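Structures given as structure tokens follow.
You will see two complexes here that share chain A, one where it goes with chain B and one where it goes with chain C.
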Partner chain A sequence: MILFLFTVMCVSLVWTPYDPIKMIRGAAFQPAGADHLLGTDNFGRDIFSRLITGAQSAFLVGTFTVLIGGLIGTALGSVAGYFGGITDEIIMRVIDAQMAFPGVLIALMIISIFGTGLENTIIALGIMSVPRFARMVRSGFLQYRDADFVNAAKARGASPLRIMYIHILPNILSQLVITASLSFATAILSETGLSYLGLGVQPPTPSWGMMLKDAQQYIYLQPEQLIYPGIMITIMVLGFNFIGDGLRDILDAGSE
Partner chain B sequence: MFEVKDLEVCFRKKGSDHPAVTGLSYKVDHNEILGIVGESGCGKSISSLALMGLLPKNARVTKGEMFVDGRRFTDFSPANLAELRGDQISMIFQEPMTALNPLITVGRQISEAYEIHHPHAPKEEAREMTYEIMRKCGLPRVEQLYREYPHQLSGGMRQRIVIAMALINKPEVIIADEPTTALDVTIQAQILNLLKKLNSEEGTSVILISHDLGIIREICENVIVMYAGHVVESGNVDIIFSEPQHPYTKGLIASIPTAAKKGQKLHTIPGTVPPLYKRSQTECCFLDRCGCASQCCRNGVPDLTSVGTHFVRCFKTDARFRKQAEQQAKAAETEA
Partner chain C sequence: MKYYLRKLLILAVTLILVSLITFGVFQILPGDPVLVMLGVDADPAQADVLREQLGLNAPLPVRYLQWVAGLLHGDMGTSYKYSRPVRSILVQRIQPTVILALLTIAITLCIGIPLGIRLARSASKWYGELISGVTQLGLAIPGFWFGILLVLLFAVHLDLLPAGGYVRWEQSPGECLESLIMPACALSFGTTATIIRYLRNTLLDQMNMDYVRTARSKGLSERLLVYRHVLRNALIPVLTIMAMLVTDILAGSIIIETVFSIPGLGSIITASITSRDFPLLQSTVMYIAALVVVINTAVDILYSVIDPRIRVK
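Let's turn to the complex of A and B:
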């Protein structure tokens, strides 16, 4: 199952712009046909191309969100977990404070301050995913902080920085990867939601969320417009969820 | 040359300090192997962790000085300590499997010890030094072994790797904390021989911590017997083993099973080591388990005094108290 979805994912990765120019054309509301694989939308844009290009946004958002959230979250979590004490308390209270807010609210806040668009969406969602990473990394560090080989490394004169990132982090890598793939899915879903609300990626850049919203208006005229982005979103999110679960089964047989 | 003076290490529990090690003093010269022997809980491991600066968070050094090669390092900051560790003072831990990072090749872990203390050395140099020390530790096919992971090695090989890690920077002193406890007897002998060889060839002082009297007798020149955080007897190994003076040491030696004792009931020392917070600072720590305790033993902790051949901490052997006891006995006699 995972393998199949994974392949679909890779196919999505053919987001090397197939027909980006064809996004603005003449004939509107064409049904699926030879010319346009999935038909055209209300503006006459080829749905298929939009779908594929939409994958670009999705992947961009997912990757960078995970990168930002992952790097910041790991940095915070590792420092909190390794040093403990006051540092730990302060960092975790900040994280807790952020977690007290519903995720979308924070994203909305950031977007209302900085404006809409792809970059800001990524920043907002990145910040949203920091707590998840921070907590996970922190617990991992707490677990390994007193391990014998850490003490042995200290006995060799290793500096805290070296111990944290050369010794402890690799042991957490598997959990990190799992969290990353699941965050990817969540990020895409959130981006879809934001775009649906009109707060994420702006037209004419296609995004599946936005396509859903546009399709809503014409549901009686051309219902399939609604289905295609929906399917894509489902496939992508399901796919990454499955990958995450699968990875967890392989790498981390002990947890959950 | 390595020296410890009057070391005291306390655990903090509920606001008060409980000493785990009191008044520990010893000197180790080049080419010397010192043994520290005692039951579990006597403080031998904690004292070595204190020397390395690896004490757990709730323990700290409350008194005493530590010197390596004349340099006092008692109050060193973590950064300065890190410089010493692995370079002048090294430690070998008990369990070789857990002392090695499972995700890094053994060769790289050894090289790391070199790289940390020689940050400007080229990678090839570190690798060459690693190969050399691995060979010295009796490891075969070093180039291949370098690239293997801990779980691919046997227990004896792992411990050799750990020893190699400790030795690569030619430290002044190695602290070996029960290095052979996790190994079987034949490998044990090999490792001990290795330590002996390295001590005589490289001049590295060795502090061997163990609860196994046989090992101590085998390779140590001098030995410290510890009980409940105190040194109760210290001196030359052969003398102590042939003429132990402290009741605890006597008990320990009597407990060693030998072929001659076959068929007889094993000698045991009744009781157990008291937990930290139950230890008294005002009377002899061995009181409850001593077969020959008397009233004078409640009058405070005895000092470590010379009995001619070595040092013992016991009122019964302390010359001053003997005189006192004799006088008291005489007085009691004349009265009666």
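Let's turn to the complex of A and C:
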């Protein structure tokens, strides 16, 4: 099951390098045919190409969001988990405060200040993903903080930095990958929502969310337009969810 | 007693942090709201007067305190775009969002709990696999896309339900619900999926516990066992999840309300971001975040009331 979707996912990946950028054309609203695999949209752009190019946006957003969120989150979580005490309390309070803002709200707030566009979307979503990583890393560090191998390292005079990242972190790696995979899925969903609202990636760069928004206007005229981007999103998110779940089953039986 | 005080203290601290974040975030904005209102070519003297009027010249900490004081009194400033007190705008918009949220919760619980139980008991049978598969879909499908699909089916093709818009409860409860049922379904797809999976996991964990074995060896019927004993224990973590889901519902409503043109709290956020209407935005965000924090704390306290063991820890 996982393998199947994994393959679909990888195919999606291969598509992106080989995308045709023939986005602006003449004939509008063509139905699906040999010339245009999935028809054209209201501006006469080939939907198929836009779908493929949209995958690019999705991947970019997902990857960088997870990178940013992961790095910052891990840094915060490791410091909080390792040092404990007041540092821990402060960091966790701030993280909790951030978690009080429902999901995309944080991203929306950041975008409302710095403006829309790909880079800002990535930053906003990255910050949105930080709490997830921070909490997970922190609980992992709390677990291993008093382990024997840590004490041994300390006795040999290892600096805290070294202990944290060379000794403890590798144990957390599997959890990290799982969280990353699931965060990727969430990031894509969020980016879709943002683009739908017009606050994410801007035209003419295609993004699946934006395609959905455009499609909604012409729902009476050409309803198929709606279906394709949605399916793509679903497949990609499903793919990453499966990867995350599968990894979790393999690496970590018995946890949530 | 000490437990509750501690919880309330954390609540207060979190609220303060939240308000700081909300306020701070909107003060970093590059751009002068006065110029936005008067136009870029405005006369500088006029601009200064307006700035003074709006109290924008006061130092930052003072403005923060002013804002907080206003919040506590229910005065949230005036919207830039609508030139009305923010308060009146918000008060009007609460109704749709609240009813939508309640509807969604109702659907989620009514469908989610039975299915979760069913899944836990018969994971291997064919309908177990089916439910499992559907929940996976539910987590992956963008909620608002599902909403649009619903519109396609029920509004465009079947012409059963309105494609958007909202009728207030006072005007006609029936039509009000009609306009909210599709958005609620869209929202609840994701939340129901989450609850089903969570309930299933919790139930399975419980099933492996000793007390279940004891009850079975006593000859207790399977059905009685599940419904009376296991469920009660499993329901507690479900409460926690519900709190999290309320957060998700609020987040989801931001988009769903825009999809269905429902004038609620969610859609006003989108609108005010586009129009850079910061007083409105600030207060709405604060309101929603505060609501979330309060609900979470309430659930925490409720938690300890139901399960006394938690208090002692």
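Rule of thumb we're sticking to: the second predicted complex is superposed on the first by the 248 of 256 C-alpha atoms of A that agree within 3 Å, B and C clash if a C-alpha of one lies under 4 Å from a C-alpha of the other, contacts with A are read in each partner's own complex, and residues count from 1 in each chain.
Throughout what follows, a residue touches a chain if its C-beta (ideal position, glycine included) is under 8 Å from a C-beta of that chain, and two chains touch if they have at least 3 such contacts.
Keep in mind that this is a model prediction, so the values were computed, not measured.
**Student:** Give one word, clash or fit, describing how chain B and chain C relate on chain A after superposing.
**Tutor:** fit
**Student:** According to the stated criteria, A:Q98 is in contact with first (chain B), second (chain C), both, or neither; which is it?
**Tutor:** second
**Student:** Does chain B (first) or chain C (second) touch A:I123, or do both, or does neither?
**Tutor:** neither
**Student:** Which holds for A:I47: it touches chain B only (first), chain C only (second), both, or neither?
**Tutor:** neither
**Student:** With both complexes overlaid on chain A, does A:T234 touch chain B (first), chain C (second), both or neither?
**Tutor:** Second partner only.
**Student:** Of the two partner chains, chain B (first) and chain C (second), which one does A:L212 touch, if any: first, second, both, or neither?
**Tutor:** second
**Student:** More chain A residues touched by chain B or by chain C?
**Tutor:** Counted on chain A, the partner with more touching residues turns out to be C.
**Student:** After the superposition on A, what does A:A58 contact: first (chain B), second (chain C), both or neither?
**Tutor:** Neither partner.
**Student:** In the superposed arrangement, does A:I172 touch chain B (first), chain C (second), both or neither?
**Tutor:** A:I172 sits against neither chain B nor chain C.
**Student:** Classify the contacts of A:L197 with the two partner chains as first (chain B alone), second (chain C alone), both, or neither.
**Tutor:** The answer is second: A:L197 touches chain C but not chain B.
**Student:** Across all Cα pairs of chain B and chain C, what is the smallest distance in the superposition, given in whole Å?
**Tutor:** 17
**Student:** Using the superposition described at the top, list the residues of chain A that contact chain B and also contact chain C.
**Tutor:** In chain A, no position sits in both the chain B and chain C interfaces.
**Student:** Which residues, counting only chain A, touch chain B once they are in their complex?
**Tutor:** It is residues 84, 146-149, 151-159, 162, 166-167, 170-171 of chain A that touch chain B.
**Student:** Of all residues in chain A, which touch chain C in the complex?
**Tutor:** On the chain A side, the touching residues are 93-94, 96-98, 100-105, 108-113, 185, 189, 192-193, 196-199, 209, 212, 215-216, 219-220, 223, 226-227, 229-230, 233-235, 237-238, 241-242, 256.
**Student:** Quick one: in the complex, what on chain C touches chain A?
**Tutor:** Touching chain A: residues 13-14, 17-18, 21-22, 25-26, 28-30, 136-137, 139-142, 144-145, 148-149, 151-152, 156, 201, 247-248, 250-252, 254-255, 258-259, 269-270, 273-274, 276, 281, 285, 288-290, 292-293, 296 of chain C.
**Student:** So in the complex, the part of chain B that touches chain A is made up of which residues?
**Tutor:** 52, 54, 56-57, 79, 82-87, 90-91, 93, 95, 98-104, 112-113, 116-117, 162, 165-166
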